[in-house]
Amino acid sequence: MESLQVPSLEQLRREVWEANLGIFRAGLVTMHSGNASGIDRRRGLVIIKPSGMDYEKLRPADLAVTDLEGRRVQGRWKPSVDLPHHLYIYERRPAIGGIIHTHSNYATSFAALGRSIPAYLTAIADEFGDEIPCAPYVDNAGDHVGEAVVKCLGQAPAVLLAQHGAFAFGSTPRAAFKAAVMLEDVAKTCHLALLLGKPRALPPNEVRKWYGRYHTTYGQRKKP
Amino acid sequence: MESLQVPSLEQLRREVWEANLGIFRAGLVTMHSGNASGIDRRRGLVIIKPSGMDYEKLRPADLAVTDLEGRRVQGRWKPSVDLPHHLYIYERRPAIGGIIHTHSNYATSFAALGRSIPAYLTAIADEFGDEIPCAPYVDNAGDHVGEAVVKCLGQAPAVLLAQHGAFAFGSTPRAAFKAAVMLEDVAKTCHLALLLGKPRALPPNEVRKWYGRYHTTYGQRKKP
Amino acid sequence: MESLQVPSLEQLRREVWEANLGIFRAGLVTMHSGNASGIDRRRGLVIIKPSGMDYEKLRPADLAVTDLEGRRVQGRWKPSVDLPHHLYIYERRPAIGGIIHTHSNYATSFAALGRSIPAYLTAIADEFGDEIPCAPYVDNAGDHVGEAVVKCLGQAPAVLLAQHGAFAFGSTPRAAFKAAVMLEDVAKTCHLALLLGKPRALPPNEVRKWYGRYHTTYGQRKKP
Amino acid sequence: MESLQVPSLEQLRREVWEANLGIFRAGLVTMHSGNASGIDRRRGLVIIKPSGMDYEKLRPADLAVTDLEGRRVQGRWKPSVDLPHHLYIYERRPAIGGIIHTHSNYATSFAALGRSIPAYLTAIADEFGDEIPCAPYVDNAGDHVGEAVVKCLGQAPAVLLAQHGAFAFGSTPRAAFKAAVMLEDVAKTCHLALLLGKPRALPPNEVRKWYGRYHTTYGQRKKP
């Protein structure tokens, strides 16, 4: 998932800001719940939403910039209290360049039950390439959240966390944003289907066909 | 469903652009899922959304224009990967002038179960004139999607595709847009009713009465 | 429900226009479904949405003005095909000054099942003073819709129509708009409650207490 | 919950106005349902929404200012008919500086059934520190509503009221707004989870861990 072009820190800051604004505008977060971050691995810096600030008032300069141990190096505001989870995941998953944490309603309704979301839909195959797994409940001490997420993280760029919420990943903050939005979208459709009847998961070989097409022929080679 | 006035290519481009923007604003598509196209049969050209581009940034000039074999003749962006399905349907259904593909949540919740939407409501009779059928699951190889849709397409200007999403049709992109929006609207009401109890389909002769009135006395003769 | 001040025809036109725009912005109508009207009983005129026109493009001057037999006296556009139902109701219910017809999703999910909405909530008691009844299914011939609605119309300023939609009423178009919006709001809450358990209707004497307070002490005497 | 800085009356007026506008924009109220208030305990004044006025037209100067017995001391409009409930609660709970009353759909669906919302989610532990209780049904006579709310009010800054709606509290109107928004958000997720299966409440010691972290390390010390 690693992106080939290395953006400048200011480009990354802008992308992290857009991802934070994006999850708010897409209705994935409420008040101050949730956060988006991005990592600049060359410089050893992480950019993340500050704690408890209104999304719609957030400016790029308000974002917190920390080193990989979480020490603030830029910005006047304290970083999100979830920063340790982001750092833990970045350290163990070098292909990840952006992380988003939300309590979006439909995804979290599966998490409330400790349920994963099977690949009921071609959209899940396209975007996630597998079911979206749910990590067991953990408390907020130390690295418990980060450990639970990393242990559970497989093919799909998203993990549910029981009784808690969702994490979404990408090679960039923008890609993580897309995963977070698509997670809530497919969670909603799957929820609606489960209320009407018993959907069946696509078999693994069908999932691979959709994922393969989506990740080879889709999109633009030159940047739109 | 064929429209009488033949619009210029630029009028068609604008209408296809409005339909793509419209499905985004109406909440029928998420991120880049879904696409709208239109055909100019006299010139042998199809206009369709480019692959993987943000709806809200799309300008009319960004749309891809192809011939009936899918060769790009205008536009700098690759057309939607769903273009072959659109072309297959246009070829077999000469009355169709606009096609929209979405994974809109309520319609797709029926599709997830392979269920058609019976004519439970006068709004379904008005707009669709019949139940909205669901084609069986097919993979994305060759013309499988196009074949499944065409085989299933009857009176109603919409078809669900199992575990996948929805296609909506019209004599123009604008008419297809209306069918796509109304499909999601009636799917939502039917879903809500099915959670509360057992709705009954209107008998065929009642469906005909509503459809007949709607398609003879409704709307304005001169263009508003 | 009769209002004391008689507005000018232009004031009524503006209010009917606001009600049509309002039901669109409140999400009660989709594409062209639904319509709002108002009556000027002194002049013997009814103002109503034209048939099949986009709500967001509608200007006050586009509204159709008819006499009480439905003959157009102003406006270049054909009135809504539902005009006969509005006229039928205005004729039989002299206290009604505004009528709104929608297929709003939650209200219509009850109508799909032919179910009334009992006074489960104090908000229903406040606004409707009774359960919201559901008239049996009728076809669209002659005055069938108008007859079914009038026969069913009691204390509550709203009636559901089986497998069809909802009608809301008021002494003015603005009051009818409020009833239409509140109908969908309470229908949604009642629907959600019915999915979780078995709500109980408030007893009639409790309903009367809420209705009484709301209709004596609520609001401003001078016009805000 | 008492705030340390005492704002001027004009600052409080602005905050009450923002809370009223906020509950409307967040979709927690419909038409004129619901209201937000704030108290200036030093001056012995309460500021509250006027009765029956459109939220989107409300200006700060339109708010009603009353003394602690509910006598209007500023403003040309009558205060909300729910003012006595606000005054009753302010008198018995000196730590409360802002109160919000809504009939928000998901919270009220629990209230319709007289059901509390257990701490199914870490977000409930974070924000409410306990389950959100539901007071039994009371009519609107005298102080019945205020009494029922105060008797039920525990750790969580929100109370449901059976067959009626919700009250949310904070040390300031802004804090009460956050509680009202988060209440509807967690009510929605819990509702969705209850439709899919049987969520389990977090044990009290787990609730305390989340609440403790959220109320010690979260947010900014200096005002953003």
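By letter and in written order, the chains are A, B, C and D; residue numbering begins at 1 in each of them.
The rule is short, and it goes like this: contacts are C-beta pairs under 8 Å (C-beta built on N, C-alpha and C of every residue); 3 or more make two chains touch, one makes a residue touch a chain.
All figures in this text were calculated on a predicted structure; none of them were measured in a lab.
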item	value
Self-contact between copies subunit B and subunit C, residue sets same or different by half	different
Most widely separated chain from subunit C, with each centre as the mean of CA atoms	A
Geometric centre distance via CA averages, subunit D-subunit B, whole Å	44
Geometric centre distance via CA averages, subunit D-subunit A, whole Å	31
Multi-chain contact sites of subunit B, meaning residues that touch two or more partners	195
Subunit D residues touching subunit A - in the complex, by the definition given at the top	120-123, 178, 181-182, 185, 188-190, 192-193, 195-200, 202, 206, 209-210, 213-214, 217-222, 224
Partner subunit B, residues of subunit C touching it in the complex	30-33, 50-54, 57, 62, 76-78, 81, 103, 105-106, 108-110, 112-113, 115, 139-141, 163-165, 191, 194-195
